[in-house]
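Heads up, there are several structures right after this.
In what follows, subunit A forms one complex with subunit B and a second complex with subunit C.
Coming up: the complex of A and B.
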């Protein structure tokens, strides 16, 4: 494989894909340089969907800016608003109540579940397996319903606010029961799916040895999240985050770095997320869900990293008169773009989109203009 | 009187075939795909009947092609070829001799396959090279490399299908020839009327399996959809067809589904399509059964790449050859 990937001299033709392509959920240009339908080199370009969120956030009151970050992504909306709030909380020294921390974890892990299920569904679709795709979307509905029940919305839940969570997201006994029942149902369905998935010889034949990213390449290309863990690196920021200290969970890794490993990574992370949610619901502390006793002040640039479904999410900004300054956001897909290009090389052109999709791209998150204004 | 009978048989069979073929894609999607995928699915008339009707009333576009008129004419030519195929399967047309033989049918099917090559060669959709994007910007990789359209890629794949992909179907057709010792449909049917259907022999069962895989390959159905697949070439040769030309594409596909199933019942059951023969119901059942089986298989399969496609075709072709040998014994 390594020899194949090094052989980049014989280029017969270029097959450009995108920016609009049915196998790609989001707009990007993928230039594939092929020899007899085998990809010898690849070049990926993003940037056609940038909305300049950081620029829009510049000068906004921090509460408004937090709400805006939720609009960055339709899949990991909670991750963005949580990390944005977390940035301000670190900067201002706001103590978040324990109950709010637990609710935030529940929301984040529910988001991880729906993100992973969406990933698997999209991967199956690109694989050409419509039935798997449809069933996974069906399974995902359980999580979407729970998110809708807690947050009042299926995509933009707006749960995190400065100092805690929104009152709408308070968990009463009825909601706790819904979550517990939902997790039981989800576990049953995903286990059945996983059994079916790993025992399908045609699917396994299609995904084994395709889109390989070696551990060495994954580290060299600065991969993050499940994309990195599927190459055997046990790197999960949740282990470093104090919010996750009360919870027991395993960091899943796979060894091969191919599409099979990437898909299995997400399949095996689902029970871990369910485990965390169950613990959070079981041990949910009593008390308030918001801390309002804090004062706004000017702060220097403050950074916050969290582990979101796709990897490490970075937010940083300074506060000046309660307004956001010099905001920078780096999404995990940004770090994984190099791996996406690399994974295509040496494989058939039909596997190119699959090789990209295996890294769980979210280019709508990634496409943002970074503008530095001299004040 | 005989002439009137023959005319009614030919026209009636074609009309019924046309009507049934309009419902086949709907049956495939509504009753099989949708049921397996636990969803409601489209109305039964939607994919095969209502979609072509809708397309006939849409405004057409001038395709980006070196020969747009020829390009637009190709689906109609394909449809005519498929109609001719069915025509020669009807017993009333057997007086044409060599044209109502397995060799002629293979020839017509090959012409139908060549159409995909032409379509692919003549199309230049906006989905790849023509997409407005600064590929050759400063710093871009391999700036001197010629760019290829998806349709060109599809065209090359169509050539590969002609070269080896459709082997299973043609080999299976010759199982009947090997068994009966004649290439003429008339003789093949007469043999089965005396000795019973070829399907109920070992060679027949093997041939039927091979025929079915060939049927799926020729129809470009998942998992054998290398000519038009969502992961890379999208719609492949059909990409630029709009309005009535796309309607022809849909109708041709439905008609080809019916014709190939009828070809199977002629070669393996000894029942030629003739509306005035009560056994025509068997033709209809086979025509319904084939798309349904195909839908089941395609619903549970991912799309194949050459890595899976070559061994499958080779393996199935070997079974086909064994079936011919068994038929000769």
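Coming up: the complex of A and C.
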């Protein structure tokens, strides 16, 4: 390293935030190095809420481990249980009935709706616009009611089991009507909100040009999901997944990579999710919802990727005597941490919190990394 | 009713502290106070993130080892009289994280909450329902209102 005095950068002050901080909902540590109120460098540390879920999963029977993955995250619980089941289904070659596939898609897209609405509500709160925040929480209740009706719980509603979906999540005519009505109501409410949102000059001027991540940086930092798509890269794993083949939807992209693009990205993804749910409900095939004719066998490490509300989720494990071995889970927020740090740099210190929130962080998912020591 | 308890009853500040759960309870609690559907704010219950102005501490999550000391300090920073509500299965008995295998307690978890700070009300559920949380908050209120 160059130690000459004139080449050293002198950082004027450090502003540490966290791990418990009034502005942050989740515990994380953000160190901002500021120079005249402009952030010159940022460092984010997670790990406070490390619970060792992968360690607990080690050696559990696969059915039990699947239901444990649901408890990793309270926002995207269905994604985790779906992907964990999908990993075992790929490994054991289990054929999932068509109807079960459709119900899983419906649950996943409902989850995307509630996650995006929560993101917008949290973002509005950080912006200081509590009215938007409350209104969005109210719109979100439509989705939460549907999830509560289908899954039986408002938060941990995971529908997938090995080989299909739970009998509780079977959709009868009454529930299909509820979903259809709910989607109509939701579309009306979100359209009204979106009109109000984009025509508010105060909000738009607050979020334009703040927390910019350029396309080049987004690719360099290996961003994923809507955070990447808001910089203009049309990368959506749903295009590659065979489960999404029957459905028509657009991959939304935005160009600027600032907070405005990130928020609009989620606003515009809501109608796409509604579109997928409507198609799934309309074309819902008849037949069984679980396939129970499969046999357990030992398999090598199998991996599965799916697109969840925040990006690409990765699960992998091997099976040994019906038990889970060498489980690894990588969540999308892990990939987006680089972008969160990068977005703070070069902006005013008051925008730092907004720059972090724009990447839709979920640190409960993220804190699981473990080191397995071979004895 | 004294003047103190009258004024305390007019502005109950709830502080939510998050000690390593899955985010489900936290969002339901924020939802319960902020969202117009449950709307605890109409009964003059406010959400705050500052321990100095809080009256009720709502703790979620099995307390992880790294969150143990911050939780004690937050509890100390809250002025008397105060009440603590433990919300969710993790905060009550460690949930799935504390002892999933039955006989090997996890090395990461220091909780449940009542081993670290005194708990006045317990709200069960995974995740807690907003209705239950309102009931838990109401049952903790006499501690604040009847205090000298």
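Simple rule for what comes next: the second predicted complex is superposed on the first by the 361 of 375 C-alpha atoms of A that agree within 3 Å, B and C clash if a C-alpha of one lies under 4 Å from a C-alpha of the other, contacts with A are read in each partner's own complex, and residues count from 1 in each chain.
Everything below uses one rule, namely that a contact is a pair of C-beta atoms (placed from the backbone, for glycine too) under 8 Å apart; a residue touches a chain by one contact, two chains touch by 3 or more.
Bear in mind that the values here come from a model prediction, so they are computed numbers and not experimental data.
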| item | value |
| --- | --- |
| Touched partner set for A:348, first subunit B, second subunit C, both or neither | first |
| Which of subunit B and subunit C A:198 touches, first, second, both or neither | neither |
| Partner chain in contact with A:118 - subunit B first, subunit C second, else both or neither | second |
| Which of subunit B and subunit C A:19 touches, first, second, both or neither | both |
| Which superposed partner A:138 touches (first subunit B, second subunit C, both, neither) | both |
| Which of subunit B and subunit C A:72 touches, first, second, both or neither | second |
| Partner chain in contact with A:47 - subunit B first, subunit C second, else both or neither | second |
| Contact residues of subunit A, present in both the subunit B and the subunit C interface | 19-23, 48, 134-135, 138 |
| Parts of subunit C lying in touch with subunit A, wherever the complex brings them together | 17-28, 30-31, 34-37, 48-50, 61-62, 64, 66-67, 70, 74, 95-97, 100-101, 106-109, 126-127, 129 |
| Interfacial residue positions of subunit A with respect to subunit C in the complex | 19-23, 25-27, 47-53, 55-56, 59-60, 68, 71-75, 77, 118, 133-135, 137-138, 140-141, 153-156, 362, 364, 367 |
| List of subunit A residues in touch with subunit B within their complex | 11-23, 29, 31, 33-34, 37, 41, 43, 45, 48, 124-131, 134-135, 138, 200, 202-203, 205-206, 348-354 |
| Contact set on subunit B toward subunit A in their complex | 33, 36-39, 127-129, 131, 133, 135, 140-142, 145-148, 150, 153, 222-223, 225-226, 229-232, 234, 299-308 |
